[in-house]
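What follows is a set of structures to go through.
Same chain, two partners: subunit A is paired with subunit B first, then with subunit C.
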Partner chain A sequence: MQLENHANNLQLSGRFDAHEADAFRTSFESIVSAHGGDVHLDLAAVDFIDSTALAEIVRAMKRCREGGHELVIVGVSDPVRVILELTRLDQALTIR
Partner chain B sequence: MSTETGLASYRRWAAEPLRTAPRYSIVIPAYNESFRIVPTIGAIAAHVSTLGEPWELIVADDGSTDDTVALVEDLGLANCRVLVADQNGGKGSAVRRGVFASRGEIVLFADADQSTPIEHFADLLGKIEAGHDVVVGSRAADGAAVANKSKVRDLFSWGLKTLQRGAFRIPVSDTQCGFKMFTADAADLLFRRQVIDEFSFDLEILWLAHRFGLSVAEVPVSWIDAPGSTVDALQVAREFLRDMVRIRANARRGVYDADNHDPKPLSDDPRGQLAA
Partner chain C sequence: MTTTPVDPVASLTGALVEANDQLLALYELVALSTDSLDEERAVAGLLARAAEVARVDGLELRTAPSHRHGLLDPKTSLTTVEVAGPNADERVTLAASRLRGSFGTSDTKLLTAIATMAVGVIRTSRLHRDGVAQAVVRSEHDTASTLAQDALPRGELEVSGLTVAARTLPASSAGGDLYTWRAGGGVVDFVVGDVSGKGLPAAVMMSNVVAAANAAFLHDDLQAERAVGVLAQIDRWLGERLSDAARFVTVVAVSVDVDRSIATIANAGHSPVVVMRADRTVEHVRPGAPPVGVLPLDELPHTRIHLSVGDRIVIGSDGFTEQSDPSGGFFGEDRFVDTVCTATGAREAVDRLFDAVDAHAAGQTQSDDRTIVVIERTDGSTC
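Up next is the complex of A and B:
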C-alpha cells in the first residue's frame, strides 16, 4: 500500500489490509495531532480493503468524532464502495 | 457498445438473477471465514461484474461453526449461492461440492482471503481461451510476487515442492496456490475422480490432469499472505506427506480408473439454492 498525507488529507493506494493497519494508524494520528479538524481520507486508488482495515477506519471515525470532527471519505474506488456497502459501513461513514 | 459503468454492472448482478447460464463460476471454499469473507466477496463481485459476461458466485461452506453461512446469506446477492455442509469435510470436499454445483463454462476456485487478487482472473482466462484445460495461479513462476509470507511457511513450501517434483514430476512449479481455473469438462473429469478431501487435493487434481493428458498452464500471480489463516502449516505439511503416499497407492490400486463421485443435482441439496 502507498500512503501519502498532506495537511489533513490521507491518500492511500493499492491494497489496504492488516499488514498496513499500523502505518495507517500512525499517519492518521500524526494528522490529528498536527492539524485537528476534519480528516479527509482518499480511497480512490485502493483496490482491496480487508476486515482489519475496515475496523481501523471505524476507529479513525470514532477518534475524529470524539474531538467534534469528522472523518470524511473523499474518494472511493468501485471495489471499496462495494465492500463498504456489503458491510453496511457506507451508512456509518461520511462519504463525499 | 454497453455504456454501463462497473458499479452499475455490479448492482445489476447483485439484484437480478441470471436469465442465462453463467459463463463463469467462481467457487470460494469457506471454513470459519466470517471475519474475512465479505470483503473478498465484494472485491470479486466488483471486479468480475465488469467483465461483461454472466457469472455466478458459489460459497462452499465447509461446516463452519461461526457465522460464515448466515453472513453470506444475509448479503442477499441474487447470483450468489451458499452450499451448506453439516460438518467439516476438508477444503478439497468443499471445492468439489462447489465445482459440482457450478453451471459455468469456466470454473475458478479462489481462497476466501483474497490472497491472490481477483484482478488475475483475466490472466488465467486468457490461457483457458488459448486452449488450455487447467490454469494454475503460481507463486513460483517467473514474474510472480509474494508478500508477507512467513519464513516457516516458505520453508515448508520449499520442502514439499521439492518432494512433489521428485515423486510426481508434475510440470507445475506451485501446486498449492488457491487460485485455479478449469474448463467445465476438465473440472468434471478431475473432481469426479478426486478422493483427497484435505489440503493436498490440489496436488491430486494436478497429478490427475497430468495423467489424463490435459493441457495445464501456469500463470504468475501476486500473492499476499493474509493474516488470520485458519490453516495450521505443520499439520498441513504432515497431511501433504501422507497424501503423497496415498495418491501413489490409490493409483496402484486403480482408484482413479473410474469415477469416485457422482455430481449431485443441485435440487437435491435444499440449502444449495440462491442465497437471496
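Up next is the complex of A and C:
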C-alpha cells in the first residue's frame, strides 16, 4: 500500500489490509494531532480492502467524531465501494 | 656491574616448556563445560574451574566473592584482559598475577581464552533465558487460542427435518470467525459471524460474541422475529465494547421454525447469505445493517422465507471468496455459490467448498479465517 498525506488529506493506493493497518493508524493520528478538523480519506486507488482495514476506517471515523469533526471519504474505487455497500458501512461513513 | 650470560639452549627449552604448558591449559579449558544455565552460577563455575587450570600454569586468578561477570580484583593483579560480547553488558574483565616466572604473551592468550569462554557462557545463558520466556509466551498464546476456539459448538446439530453442516478453519491458531446454535421448542437458532482483525485478539472477542449469542438464544424477551431479537441482544451487550476496542463483528442470525418451515434471517454486515431452492435457483440475503460495533443498530431489517424440502441456507465468511491463487486471483462469489449449490447435500457442500478453495489457493497462504454453516431442509427422515 502507498500512503501519502498532505495537510488533512490521506491518500491510499494498492492493498489496504491487516498488514497496512498500523501504518494507516500512524499517519491518521499524525494528521489529527497536527491539524485537527475534518480528515479527508481518498480510497480511489485502493484495489483491495479487508475487514481489519475497514475496522481501522471505522475507528478513524469515531476518533474524528469524538473531536467534533468528520472523516470524509472523498474517493472510492469500485472494489472498495462494493465492500462498503455490501457490509452496509456506507450507511455509517460519510462518503462524498 | 657483571652480567650473567644467557644460555640460549636453556632459554629455548624454558620457552618450549611454557608453550607446552599453555597448550595443555588451553586443551583443559576447552574441555570445561558448565552444568548450569543460570548466568551467575554458570560464570562463577566456569571461572572457578578455569582458575584451577591457570594455577597449574603458574597463573593466579583471584575471583572476587560476589563478582557479576568474573571481574577479578585488578588492584592486586599484574595483568588484565577484557573481552566484550556483541552487547554492551556482555563484558568480562579478568585479572591475574603470576605465581612464578614472568608474564608472557601466552598468559594473555590463556586469559583471553578464559574470558572469551565466560562471554560465551553469558550469551548461552541469556539465549536460554530468552528462549524459555518465548516458549512460555508461545505456550500461553496456544492455550488462549485453544480456549477461544473451544467456545464454538462441538459435534453436529441433530434436528429432525434439518441437516446442518458447519466447519471453521482459522488462518492461524485462532481467529475471529464464529458460529453457534441452539435447538429447542421446535425452533433452531443460528448465529454466524466474523470479528474484524485476526489472531488471538480477534479470537478473544469472538468467544465473547459466541457467549452473547448463546445467552441471547435463551433470552425471555426476544421479539416476534427471533433472529432480529438475537441480533439486537448481541448489539446491546457487545456493541459498545466492540466499538471501544476498535473492532466490529459481522453477524448473521437465522431462526428456523422447523414445524412451520419458516426461516427468519437478519444480516448485519456479513457476506450475503445464499438461499438455494430445491430447484437450484439461488437468492441472496444481503446485509440490512452495518456490522455490530460500528454504530448502535436502530433498525434491523430481516428476511422471512419459507423452506421446502431440499432448500438450503448457506452462510459463509469472506475467507473463502477472498482467497487468492498464486497469480492473485480471488476465489470469488460466483465460484462460492456454484460450489455449495451443486453439492448433493449440506455435508458435501462443506467438504467440496474447502477442497475447492484449497485447490484454488494452490499452496498460497490462507489469507483469512474460513467458516461455513449449511442448513438444509429435509423430509425429517435424515438428521
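Definition applied: the second predicted complex is superposed on the first by the 96 of 96 C-alpha atoms of A that agree within 3 Å, B and C clash if a C-alpha of one lies under 4 Å from a C-alpha of the other, contacts with A are read in each partner's own complex, and residues count from 1 in each chain.
The working rule: a residue touches a chain if its C-beta (ideal position, glycine included) is under 8 Å from a C-beta of that chain, and two chains touch if they have at least 3 such contacts.
Just so we're clear, the structure is a prediction, and the values are computed from it rather than from any experiment.
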item: Partner chain(s) touched by A:Asp50 [first = subunit B, second = subunit C, both, neither]; value: both
item: First, second, both or neither for A:Ala18, with subunit B first and subunit C second; value: both
item: First, second, both or neither for A:Val58, with subunit B first and subunit C second; value: second
item: Touched partner set for A:Leu89, first subunit B, second subunit C, both or neither; value: second
item: Subunit B and subunit C footprints on subunit A, overlapping residues; value: 18, 50-52, 54, 86-87
item: Complex contacts: residues of subunit A adjacent to subunit C; value: 18, 50-52, 54-56, 58-59, 62, 86-89, 91-92
item: Contact footprint of subunit B on subunit A as seen in their complex; value: 15, 17-19, 47-52, 54, 78-79, 81-83, 85-87
item: Of subunit C, residues touching subunit A in the complex; value: 194, 196-198, 243, 246-248, 250, 268-272, 286-291, 293-295, 318, 322, 368
item: Residues of subunit B defined as touching subunit A within the complex; value: 6-7, 10, 35-36, 38-39, 41-43, 45-47, 50, 75, 113-114, 117, 119, 147-148, 224, 226-228
